[in-house]
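When the chains are written out, they are named A, B, C, D, E and F in that same order, and each has its own residue count from 1.
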Amino acid sequence: MTPIPELVERAELLIEALPYIRAFQGKTLVIKYGGAAMEQADLKEQFAKDVLLLRLVGIRPVIVHGGGPQIGALMKRLGKEPKFVGGMRVTDEETVEIVEMVLVGKINKEIVGLINLHGGRAVGLSGKDASLLRAHRRLHKMPDGTSVDIGLVGEVEAINPEPIKLLEENGFIPVIAPVGVGAEGETYNINADLVAGDVAAALFAEKLIHLTDVTGINGEDGRLVSTLTKREAERLIKAGVIDGGMLPKVESSLRALTGGAQKAHIIDGRVPHAILLEVLTKEGIGTEIVL
Amino acid sequence: MTPIPELVERAELLIEALPYIRAFQGKTLVIKYGGAAMEQADLKEQFAKDVLLLRLVGIRPVIVHGGGPQIGALMKRLGKEPKFVGGMRVTDEETVEIVEMVLVGKINKEIVGLINLHGGRAVGLSGKDASLLRAHRRLHKMPDGTSVDIGLVGEVEAINPEPIKLLEENGFIPVIAPVGVGAEGETYNINADLVAGDVAAALFAEKLIHLTDVTGINGEDGRLVSTLTKREAERLIKAGVIDGGMLPKVESSLRALTGGAQKAHIIDGRVPHAILLEVLTKEGIGTEIVL
Amino acid sequence: MTPIPELVERAELLIEALPYIRAFQGKTLVIKYGGAAMEQADLKEQFAKDVLLLRLVGIRPVIVHGGGPQIGALMKRLGKEPKFVGGMRVTDEETVEIVEMVLVGKINKEIVGLINLHGGRAVGLSGKDASLLRAHRRLHKMPDGTSVDIGLVGEVEAINPEPIKLLEENGFIPVIAPVGVGAEGETYNINADLVAGDVAAALFAEKLIHLTDVTGINGEDGRLVSTLTKREAERLIKAGVIDGGMLPKVESSLRALTGGAQKAHIIDGRVPHAILLEVLTKEGIGTEIVL
Amino acid sequence: MTPIPELVERAELLIEALPYIRAFQGKTLVIKYGGAAMEQADLKEQFAKDVLLLRLVGIRPVIVHGGGPQIGALMKRLGKEPKFVGGMRVTDEETVEIVEMVLVGKINKEIVGLINLHGGRAVGLSGKDASLLRAHRRLHKMPDGTSVDIGLVGEVEAINPEPIKLLEENGFIPVIAPVGVGAEGETYNINADLVAGDVAAALFAEKLIHLTDVTGINGEDGRLVSTLTKREAERLIKAGVIDGGMLPKVESSLRALTGGAQKAHIIDGRVPHAILLEVLTKEGIGTEIVL
Amino acid sequence: MTPIPELVERAELLIEALPYIRAFQGKTLVIKYGGAAMEQADLKEQFAKDVLLLRLVGIRPVIVHGGGPQIGALMKRLGKEPKFVGGMRVTDEETVEIVEMVLVGKINKEIVGLINLHGGRAVGLSGKDASLLRAHRRLHKMPDGTSVDIGLVGEVEAINPEPIKLLEENGFIPVIAPVGVGAEGETYNINADLVAGDVAAALFAEKLIHLTDVTGINGEDGRLVSTLTKREAERLIKAGVIDGGMLPKVESSLRALTGGAQKAHIIDGRVPHAILLEVLTKEGIGTEIVL
Amino acid sequence: MTPIPELVERAELLIEALPYIRAFQGKTLVIKYGGAAMEQADLKEQFAKDVLLLRLVGIRPVIVHGGGPQIGALMKRLGKEPKFVGGMRVTDEETVEIVEMVLVGKINKEIVGLINLHGGRAVGLSGKDASLLRAHRRLHKMPDGTSVDIGLVGEVEAINPEPIKLLEENGFIPVIAPVGVGAEGETYNINADLVAGDVAAALFAEKLIHLTDVTGINGEDGRLVSTLTKREAERLIKAGVIDGGMLPKVESSLRALTGGAQKAHIIDGRVPHAILLEVLTKEGIGTEIVL
């Protein structure tokens, strides 16, 4: 049996969460889920529990997940030869079909299943459900300034927040796969980071949280930046300090903020319970981005 | 321009639907969607419009779809060797994963997309969403009375009707893929006919409609039976008159009726607008099954 | 039994109504009911069914009816001698009493009864109910510019839309008799065309539909005008092309549009199912008036 | 200016109403309105104010009115010759039409108008509105035990309480004319006393109050009976002490009580504010009938 | 038994209240309760009944009470020596504790109990409940312009109207003790007149009524002023005509009016049923103050 | 800055509370507050935070507090001589007045204030508010079987749960002082343990928790009993093992269970965060009592 003093100490830790629960109750958090947190078994389970705890204490998590190695694996097994234009993979109809099957029929269902296994009530949504993510073709900008059509890669044109709201207002946890639908019903693969930002804006979310595989954004001196303003972010992008995979995360964050979200965070998904730490303790982790 | 007399005749046809709309408003129809109606382009489009019209006039369609040739096609492409025990395909973990991807990530999304393309608000659900279809392993009964484990083939243990109701009460059209979730989170492939029957019972549906590729149930004399009671159905099964693919449809219908649905119908999905004809005109088509 | 192909054709006609049902669901249509459509037995029955079908598919009809030959007949039977001033019938207290009895106690009840006989839930309202139509005396303008008091002929001063809304929001069909009430409780006979226009404005109706005994409004060339703008309507009135009984219908339409209704229509009530044709098919009939 | 002591005395009278207001708040009172209270100008006005005050303090009056001398007057003016069978007036179609016009188009509207003139929100209803009073033919029982068809005289078959409830729950005062509708849409004249009793039962009214032109029911000794049980009432009827016009009032009261109303009262409508006296003071007036 | 004519006269007095009930239904009246009306047994009972009657007829009384001789009595019994600075009693911690016990634990409970004894549903509130009255220290202004700290005497800083509204919307009668709570949780004694004014403003009350022991405000000529504008009130204060205990009542009234209340009244609580007379009869009593 | 691993450990402790939060959300906990937990400054503060955290995560605490040394202290200061009959203190009117002032005006307000100071929304209630605790005189049973009247000591006759429910459903924390009101409006002092049990029964509480100054109930062997059934409790009482101040707590617990509460607990209020430990961790503390 646990000795009383240790129990008391535990209770005190619960009490420390009190002001944060109060601050975020009834608020929506959009979480971009990906990277290690979506691949390592222990991190996956901790993520599911974190999301569930937030929901239980009255905070409303909405999850947007990305793809993962499974897409490539299935394409390879199907002997699908990658084609490239200007260094970018061309997404033909067959490819987008594979992408949709893996995102909606496999990854989304795994996340939903894991949360529900711990007692949650997650419901998966594709961008096609209730035409949630209406999209159109996104041309790829080449370094020389020209644009190239790389197929069924889309960008969000309009978001229908109604089904997400219906679910979150009724105690469910929406889990969104980044598949969009075009005006003719065609399927688009969309960058999950950008979807998360647009969803956060459409829901006027309290926070947009990007789970990544780095500790946050580093400044020019190579040290972690705790708080980044829009202006500084734009400067760091121009200076090439923010680049690569971090670019769409920052772009997504700025779109979320401009569109009505309160704050955006780039945090380290490799840290167990990273979301709880960010939301319910006074020590935020990673980098927060504000207008 | 259409001459007035013809217009008037059209209006009269609308008026004929009046008593049926009145009778079924606010009622739930569970439609098992499959066969030709799910494969032929023109029938697919007519199905989408029928469902949409029903929803618009205040009737609540809930769709349960089955699989189709796509599952076999993908398995073949993936070089998945079929294993058989007692003549039945063994569904191992890899197989059930493929089944889930095709059902949830491809077929379900096609149906949802098609309905929405015509202006509806369909939302796809897998049995994993909000643990909608809780299932356990279904052993296969051999002719010699023994039972054989053929893997991840499940049967419904419990249905959580809450998310379906939430969606239909808010004007959405739920489209359900027959994938179940077990106590440990494992995935089960479930016979869609049986899922439809259990969903119809759980929702106390007004009607369960099976769209098939035959005109209905034929009696011992080989002629179509318009109305079949539970007792007669059981007799025809015993006599071997009802057999093969018709067996699960009749089993599903009887379970729906026993569980609280009002009526079950086996109708010919190859007839354009078969659902509308069944629901909104005085000439029912196919076979109706009652307690 | 109807052969399947014919049934299918019928279903297709139902499907054609789909976009119109979607467009007008939850919207209010104010229908001025009068003329042949209110006198011929078959047209009366078709009118009742049309109204009922609109209501069933979620559209909200509100009916304003006029008087008819019954008023004159009763006056004659009562030996009531008509008095005229400037060519206009003087409406003394005894006359307005007869008018009220016939409008409220006979015509209104016939319409209500007919709709309910076919399964609707119509409720009659006089302008006195909940002081729905508050009115004051309307002086008659003489050709020489002077005004003459012709008795208890009123014009709408204020509309209390509350009871109409209560009824339509709860699935009832309000049927309004054009009798107004003055500040001292006195009864006024009001032109039904004008009442319909004012009611349409007060309800911000989607459409005001005048059922008449002509095909619509003819232009200077004597041919039917499909769409008439406010400006053109005013020009045609000035030019004397629109005159006689059509004048109050156009005046009513313009007041409805100015006051918040979306569209007004002058259609031919002698065509069976004229309302359905106007509302649920792509071929509108008659003349539509817009701002 | 009124001297303070007199004002105080007045306030005390208001205070005396307190327990009665508390007891009847939210409860329905069905008032059969007729006789002198419906004919004398001062009594009419007092009636209107009484009803209004009850409504204002949260009690829900529902009025059922009868006919009056106006019916006979109009029939006479129309030269309508009365026909009799077994001493009873035969109500042919023309007669019932006149009755309906006077009841619905004249008397009902006068009552509605008077209440509204004092600031109420009365809404008139005929038994045809929303098929409120479904009726069938009532044969007249002759002294020799045979039954005679005297035409369109009906008795209530079913009451649709929905529109009455909708109105009273939304602050309106329903005023009901005793006209019923048959299965074929035919019009029936129904005894207003009996309608009031059936309406009181259908609404599970707290009280049914009959306004009459007598002080109440007298016993065998010719003295007013304060409280009458069902059993005693039946005995007095058998003994011929209760007879004539009092018979339908007592019959109506007993049907109301058996059907779910709490109490019935026969009070003197010639006393100013008779309803207020009955409902809001400790001295009830007239005769109360209980199960 | 009361003779009928007298009963009728009583009913007429009820009817006279009709327009006032209509005018004030659903409106909030804040009543500052104190003086003789809170000390004399018969006046206390009449007050309880008045408040109850107002509530029953749909008007919403909110009571703010002051202290009384009981505070001094308890202090004396406890041998608490009064200290004075600049002529004002210094309220130390021990004093404020006594004040709170008497106001909240005795006077408030007596009022609540009395109203409930007559059938009401009063609920007492201290300014600490749901931090209803947030306050800070109020320094006493000396004649020489300096300010002196006289201890735990507070003034309202912010009002949380939520619990008052919750109670009044659910049929309860809130009774508020004038005790405030500071930022550190400290207790403040606040002038009840001023609390009443601030509460009236926070609730956008229809009326603020001060029950006093005088007939109202007298003008320079020593005669009662029926209606006083803000400007005149300020003039009379400057001229020293309004002074002493009347000053905080007028200050409270002006703050109420400026903050959103409609009217303020200074009336004579020694008159039995003074509140009813003010609210439900055409002869207002005392002085009304308007912007 | 706290190192990440320690933060993670903290998050894990939050996660451990997850199943308990899920189990008790929306449920009512009645907490009898008294003893050391109500007297020591640090325990008081921890209690306030515990209650607040429970409320924040959706659990509904209702507090019933007892008296304390303050009552005796005030009585002593007021020179109130204690009178005894049969060893019991006689509670005369003056005594009950002092008790009420201290319970309602001092202790209740301290608790309310402390919870609100930490951000809660506590509202104090006396048994007089909305006649929450209707009581009658409780005679004292003497050892010889006779009953002695010891004055205004009451026992609960009926509970009006409405105001408690209204408050808890709207996010408030009700804090109840154990003062009852008699049929004539007289005040009763009631044992707080018993009030807590009756309130728990009236609210069908999930748990009744008695905060005491002992570790729980000891059995005949002097060791703590973890779980006690009703039958065993009754046996231990009979055997004299449960006696003294523990008697009313066990009596209260049994009444709560019989009346509809799920569980009762006797726990050690001297342990910091005792309530949180009991409710949100798997190691319950103290003794639980079940039917």
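The rule we apply is simple: a contact is a pair of C-beta atoms (placed from the backbone, for glycine too) under 8 Å apart; a residue touches a chain by one contact, two chains touch by 3 or more.
Bear in mind that the values here come from a model prediction, so they are computed numbers and not experimental data.
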Separation of chain F from chain B in steps, with touching chains one step apart: 2
Fewest hops from chain C to chain F - one hop per pair of touching chains: 3
From the centre of chain A, which chain's CA centre is farthest? D
Work out which of A-B, D-E or B-C repeats the contact pattern of E-F, with more than half of the residue-numbered contact pairs in common. A-B
Centroid from C-alpha atoms only, then distance chain C to chain D, rounded to Å. What do you get? 35
I'd like to verify one number: the distance from the centre of chain A to the centre of chain F, where each centre is the average of its C-alpha atoms, in whole angstrom. 46
CA centroids of chain A and chain D: separation to the nearest Å works out as 69
Please list all residues of chain F that touch 2 or more other chains. none
Arrangement of touching chains [line / ring / star / complete / other]: ring
Residue ranges of chain C touching chain B (in the complex, touch as defined): 1-2, 4, 7-8, 10-19, 21-22, 25, 46, 49-50, 52-53, 56-58, 118-119, 271-273, 276-277, 280-281, 283, 285
Parts of chain C lying in touch with chain D, wherever the complex brings them together: 77-79, 97, 100-106, 108-109, 112-114, 116-117, 121-126, 128-131, 163, 166-167, 170, 172, 179, 181, 184-185, 187
